[in-house]
Amino acid sequence: MTIRHPILAAAFLALATASGSASAQTVVNQAITEREVVAAQRAWCDALVSISTTHATQGQPAAKALAERVIDAAYGYQLGAVLFKPTLTVAPQTFRTTRAGALAYFVGGDPAFPNDKGFALSGWTKCEATNSAIFIAGTSASTMGNVAITGPNGAVTTVDKTWTYVKDSAGQLRIVVHHSSLPYRPN
Amino acid sequence: MTIRHPILAAAFLALATASGSASAQTVVNQAITEREVVAAQRAWCDALVSISTTHATQGQPAAKALAERVIDAAYGYQLGAVLFKPTLTVAPQTFRTTRAGALAYFVGGDPAFPNDKGFALSGWTKCEATNSAIFIAGTSASTMGNVAITGPNGAVTTVDKTWTYVKDSAGQLRIVVHHSSLPYRPN
Amino acid sequence: MTIRHPILAAAFLALATASGSASAQTVVNQAITEREVVAAQRAWCDALVSISTTHATQGQPAAKALAERVIDAAYGYQLGAVLFKPTLTVAPQTFRTTRAGALAYFVGGDPAFPNDKGFALSGWTKCEATNSAIFIAGTSASTMGNVAITGPNGAVTTVDKTWTYVKDSAGQLRIVVHHSSLPYRPN
Amino acid sequence: MTIRHPILAAAFLALATASGSASAQTVVNQAITEREVVAAQRAWCDALVSISTTHATQGQPAAKALAERVIDAAYGYQLGAVLFKPTLTVAPQTFRTTRAGALAYFVGGDPAFPNDKGFALSGWTKCEATNSAIFIAGTSASTMGNVAITGPNGAVTTVDKTWTYVKDSAGQLRIVVHHSSLPYRPN
């Protein structure tokens, strides 16, 4: 029996012990699965649309509060830094290795990042990730592909996107690398 | 600059940002180091002696409370299970994959583990680990060697010991494998 | 589609390209699976019996040649060292971190290891591993449990056994930790 | 003593055994270091300039042969796939998960990739990587930052670049993720 979630694993062990099943083989598996990766991408897309919706219905402060919860749950800033290159940032603030830099990108309003208008506030209504390939290294996993996001007028923007995840001790995937870029346009 | 501890890493980033050092290269390193492994072994030995001392001076309940804190801090039971084969256990309770089984082994007093007298209550005064080899796989690390423990009368018991550690999200090493055995004695 | 074996993966990619399937999502997964761990244990057991059989029918040199192939295929000595504590070794040669030490243990005949009689030459006819628990850390995996081996007269010896595996670049599991011990016998 | 390179490790072990140093502690460390990451980036840059130079002095076939050696030594295509988004590719051939796709991007001449002119054939004379941050997850490591490359007329092109490396069984870092993009230009 394979138990991936720590809490469920503990529950199972309690049951196994209670029932005297001394020979039950327990399997703890910390490896990242394809299913977890796809779920993390889905969660990111859903969060982007939620922040847009919250902005439209409740204003920027509510959207900002939600974005903070999303960043704290989905990114790995608490691990020390995240390698985050958002789609629309420019030098010398291209790379957002700090939580403050990520938050400013998503919801704007931070004078330390004056070019940030708030990418997640643009009225996105739909978000879909399509992977070209997934590489699961064991305790980290990377994806590369397109993310298509639909704006308020129905126009679809497609970006080239790379994510790398690690799994934290609670079994949660966290983004530690996020490189997003507009497709190259030959002249 | 390499920052291994998440809290220090966050502090450094705050400083780097505050000082406007946009070009500072941040390095987050989750790999386990030899130094961390040796410190974890040292901590295990110190904890064993502390539990013995606490038992002698404050009684079994105090020793048990300390053992619980030690197990929760040093082992990985919260990850789902630990592969723990203590030195002196016998079938069908040889393997202590649950926290309750580890606690019973160290301090006894659990009717579910009737053979356990409390290994850590034996008046140990000294504990020293000597490694034959260390294998650091990246996010896990294993050691193999001897641990010599000194009893109240000065007699030294030496066991063959294997430990495997993983590093949790807080940067703490946790024992996920612990195999201890008395040296083989040819007839 | 998940492809675990590099050679098969390459074959699949060739097919995918040939068929013009530009949108096929490829998944490379280097994480160790429970199935691979159990297969590696099965292979170790089968190899032990094979060495015994080869010794009985073809003599020690043939058994030694087979043991060398087994060690080179199943252990990680080429990675630098293996943390190997065989069941029956004694100090100061308890730990066999080198290939020569492992080979001497299995088939004897090495004057540098004068106590080694050749554990694998004892006429073993059957070998079965039963796991208490498996801990898959991602790129490494550990097992703990019993291995029961049947001798020429039908007597069964049961040992407490811990193995840790890493997966090499060719997708092969390799033993990097192996701690084996006779069960503790209270006086 | 820490031994990172398998060959050196084996040599050291041979010495340790020969000298009868039974108590020597051997450390095998498979974790990726910052130094190895920086060296891999340096090697990539040097290879790019070498391919350009070879093209200028010996022609495309020689440059192609060199590029094949570089790809086989520095990328992880033999692991199953690489998540490679080159700077200048366009849909539907944006992502180059196969070796053939990478080779075509670097040296052109492959009718299956008709838009590829050969990025490495552009007379690059200098290449320098500057990291914003490095994230070492243990058995994988990622970098994010800029790579500045100097063309034949002295003009410098700067790209935003993410690399993820894994270490193979021979101790060699291999690129498994490579996302390169031109900086975003606001209208």
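Should a chain be cited, it is by its letter among A, B, C and D, assigned in written order, with residues numbered from 1 in that chain.
By our rule, a contact is a pair of C-beta atoms (placed from the backbone, for glycine too) under 8 Å apart; a residue touches a chain by one contact, two chains touch by 3 or more.
None of the values given here were measured: they were computed from a predicted structure.
**Q** A-C versus A-D: which interface comes out with more C-beta contact pairs?
**A** Higher C-beta contact count between the two pairs: A-D.
**Q** Given the pairs B-C, B-D or C-D, which one repeats the contacts seen at A-B for over half of the pairs?
**A** Selected from B-C, B-D or C-D as the counterpart of A-B: C-D.
**Q** Taking each chain's centre as its mean C-alpha position, how far apart are subunit C and subunit D in Å?
**A** Those two chain centres are 33 Å apart.
**Q** Would you kindly tell me how far, in whole Å, the mean C-alpha position of subunit C lies from that of subunit A?
**A** Between these chains, centre-to-centre, one finds 39 Å.
**Q** Averaging over Cα atoms per chain, report the distance between subunit A and subunit D in Å.
**A** The mean C-alpha positions of subunit A and subunit D differ by 26 Å.
**Q** Using the touch rule from the top of the page, what residues of subunit A touch 2 or more other chains?
**A** 23, 26, 28, 30, 79-81, 97, 132-133, 135, 137-140, 145, 166, 176
**Q** For a test of understanding, state which residues of subunit B touch subunit D in their complex under the given definition.
**A** For this pair, the touching residues of subunit B are 2, 23, 25-34, 130-139, 145.
**Q** Which subunit B residues qualify as touching subunit A in the complex?
**A** Touch residues, subunit B against subunit A: 3, 6, 9-10, 13, 17, 22-23, 26, 28, 30, 77-81, 92-93, 97-98, 100, 112, 138-139, 166, 168-170, 176.
**Q** Considering only the defined contacts, which subunit B positions touch subunit C in the complex?
**A** 79-85, 87-91, 94-95, 97, 115, 132-133, 135, 137-140, 142-146, 160, 162, 164, 166, 176-177, 179, 181-186
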